[in-house]
Amino acid sequence: MELLGYYNYWVFAVVLCLGLYTVITRNNLIKKLLGLSIFQSAVFLLYITMDKVDGGTAPIIQKGVSDPIFSNPLPQVLILTAIVVGVSTTALGLAIVVRIKESYGSIEEDDILARDSEL
Amino acid sequence: MNQVLDVLSWVLLSCGGFFILVGGIGALRMPSFYTRMHAASVTDTMASFLVIGGLILQAGWSLATVKLVAIILFLMLTSPTSSYAVANAALLSGMKPDTKFKANKGGRES
Amino acid sequence: MNMYTIVLIAILVTMVLAVVRALRGPSVYDRVLAVNMFGTKTVLFLSVVAFLSGRRDFLDLALTYALINFVGVLAILVFVQRRFSVASSAKSED
Amino acid sequence: MTILFAVFLLSLLVIIAVAIIRAENLFVALMLTTIFSLLMATNFFILDAADVALTEAAIGAGITTVIFLGALALTSEHEKPFVAVPWLALPVVAVTAALLIFASFDNPRLGDPEAPIHQHVVPWYLEQTPKLVDIPNVVTAILGSFRAFDTLGEVFVIFAACIGVLFLLSARKPSETRCTAPASVGLSQHLIPKVAGRFILPFIILFGFYVQFHGDFGPGGGFQAGAIVATGLILFALLEGEERALRAFPRWIMMAMAAGGALLYALVGVAGIAMGGKFLDYSVLSSDPIAGQHLGILLIEAGVGITVCGSLLLIFHAFAARESF
């Protein structure tokens, strides 16, 4: 039971590294972006893991509940905005990929590099 | 009265749980795409109706009930619609339903 | 053993079954079906957990999914339809 | 009990992440990403972060899928088979994972009330929110009032990303006879989605407004509401086709929304200066400081919602309107 308290961190580490692995090894640019968003999600998970307090509840003050324990609202604020920012920046990445596809005819990195070295 | 409601809601919830499982197993075990979809989507609406119904009995008269009724209504509307969309997409891409009944092939599903 | 817990376990097992279906395929549409199933299960899971943890005002989340989940599936239909019509028009030009 | 559920869901998360990486068809990978996002939202909910879960729910299920599908329609959905053995990447990643797991034992365990993160400024926020801001949702209070400057930055990042997408995708393609792809008609030939979608559309918008204005009292706020309303309008575009959607809700309105919301936010800050306070200090906006806080949070949340909605819509239409060739 004691070790289960660290399970979230391990999942964070594994998912983060899976995302990193995708970004490093895959040639397909959209796959890279998917890997990047997995990486990002892992960071979100780390932050939200830290906000939990034993016996706590979401930080919304309820009437008639005396002496409530609240989980930490600060990581939630950070991640809440980060999720929306994340999707817009991913969209920016996708827009760049679309333009690359239009001028190179491919979204595979090795094809693009080959085209570049031809010039 | 409260006792009766409790028992009724437990019955609804456990029936819901049963249907959820049936749908899941059907989606896993059925032989072809359209049969799988049939199993999943038919039990989906039924199961969610039962589970949310059980929760409504627990909630009594409150804002939660209104939200639960809204959830049921929307699920009843969107879940068949998305089944339609999935089936239509599959059909458009040229996946033909298997109309011939294959009896006892491989002896697994009779 | 709480009744909610039993329902939750049923939902979780079905989530696993849906994930297995999503991983095995075989066709793309089996996976879409699995995603759709998973979405419905998430709505149920969230509403039951809201009751289990005693914070009933958090049903908003389940409501969000119930409303939004099918937009993604409709987008898939539009995507397939568009690709199909592009492919057929390219064929007719040949 | 809940912790066991969490462990279970997190394990599923890892499995799905592996499957996303292994999938060679990008369409399949995208479907799995949707499941990934659903799992993330459930985990956030179990970890007591209702606001974050609502955001993930509003973004992950609809908008992410739709934008990725738009990009896939313009590129290709097949990844080239993967041949090279990642002899360098694999050890690097494995060592990184091992280090992170090793370091995790120095972290406070999940739910430890003595953890350093719960000690510094957060008790002050929790204590002062009822006195200074007087709204029940502490997350909204921090987002809108205590750390409003932070949020202003985030809103401008979204705005900037939207401008970037427009820059990249609105330009005409150079030199080419554009193949006349059939104009996107949406789902107007499909009766069932059309009827059901038209029925549900007003409810999505209504729910968006509920989330916007109920954000002080429950989970919700401008970011979530903007995403939900944008999803509703995207649904309209899917049902009726690009052309009709843009006629009903033209691009200049979206641009005005994206810019106007951010402007409204900044103006509230400037109004604070003009009325003798500091930038984004709402207490001076009204004779009663608490009423001023309420007014300020209402206005900036509205600004956030309008910007998010406009930006996401512009991004969606930028992808959808660019025909593939």
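When the chains are written out, they are named A, B, C and D in that same order, and each has its own residue count from 1.
One rule holds for everything that comes next: a residue touches a chain if its C-beta (ideal position, glycine included) is under 8 Å from a C-beta of that chain, and two chains touch if they have at least 3 such contacts.
Note that this is a predicted model, so its numbers are computed, not measured.
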Revision key, fill the gap. Quick note, more Cb pairs in contact for A-D or A-C? It is A-D
**Study point:** Geometric centre distance via CA averages, chain D-chain A, whole Å
**Key:** 12
Exercise for review: Could you put a whole-Å number on the gap between the CA centroids of chain A and chain C?
Suggested key: 21
Exercise for review: Please work out the Cα centroid separation of chain A and chain B, and write it as a whole number of Å.
Suggested key: 32
Study note, to complete from the structure: For the pair chain B and chain D, the C-alpha centroid-to-centroid distance in angstrom is 29
Check your understanding: Which chain B residues reach two or more other chains?
Key -> 70, 74, 78, 81, 85, 88
Exercise for review: At least two other chains touched by the same residue of chain C: list those residues.
Suggested key: 18, 28, 32, 34, 53, 55, 57-58, 60, 63, 67, 69-70, 74, 76-77, 81
Exercise for review: Give the residues of chain D that touch two or more other chains, as numbers and ranges in rising order.
Suggested key: 50, 72, 190, 193, 197, 200, 203, 218-219
Review point. Connecting every touching chain pair, does the picture come out as line, ring, star, complete or other?
Key: other
Point to revise | Set of all touching chain pairs, with the criterion as stated earlier | key: A-C, A-D, B-C, B-D, C-D
**Study point:** Residue ranges of chain C in contact with chain D within the complex
**Key:** 5, 8, 12, 15-16, 18-19, 22-23, 25, 28, 31-32, 34-35, 38-39, 42, 45-46, 49, 52-53, 55, 57-58, 60-61, 63-65, 67-72, 74-79, 81-83, 85-86, 89-90
Check your understanding: For chain D, which residues count as touching chain C in their complex?
Key -> 1-2, 5, 8-9, 12, 15-16, 19, 25, 27-28, 31-32, 34-35, 38, 41-42, 45-46, 50, 53-54, 57-58, 61-62, 65-66, 69, 72-73, 179, 181-182, 184, 186-187, 190, 193, 197, 200, 203-204, 207, 211, 214, 218-220, 224, 228, 231, 234-235, 238-239, 324
**Study point:** Touching residues (chain side chain B, partner chain C) in the complex
**Key:** 10, 13-14, 16-18, 20-21, 23-25, 27-28, 33, 36-37, 40-41, 44, 47-48, 51-52, 54-55, 58-59, 62-64, 67-68, 70-71, 74-75, 78-79, 81-83, 85-86, 88-90, 92-93, 95
Review point. Mind pulling up the chain D residues that touch chain A in the complex?
Key: 3, 6-7, 10-11, 13-14, 17-18, 20-21, 26, 29-30, 33, 36-37, 40, 43-44, 47-52, 55-56, 59, 63-64, 67-68, 70-72, 74-76, 79-80, 82, 84, 86, 89-90, 92-94, 96-97, 100-101, 104-105, 107-113, 115, 117-118, 121-122, 125-126, 129-130, 136-139, 142-143, 147, 150-151, 154, 157-158, 161-162, 164-165, 168-169, 173, 217-219, 221, 223, 226-227, 308, 311-312, 315, 318-319, 322, 325
Study note, to complete from the structure: The residues of chain D that touch chain B in their complex are 190, 192-193, 196-197, 199-200, 203
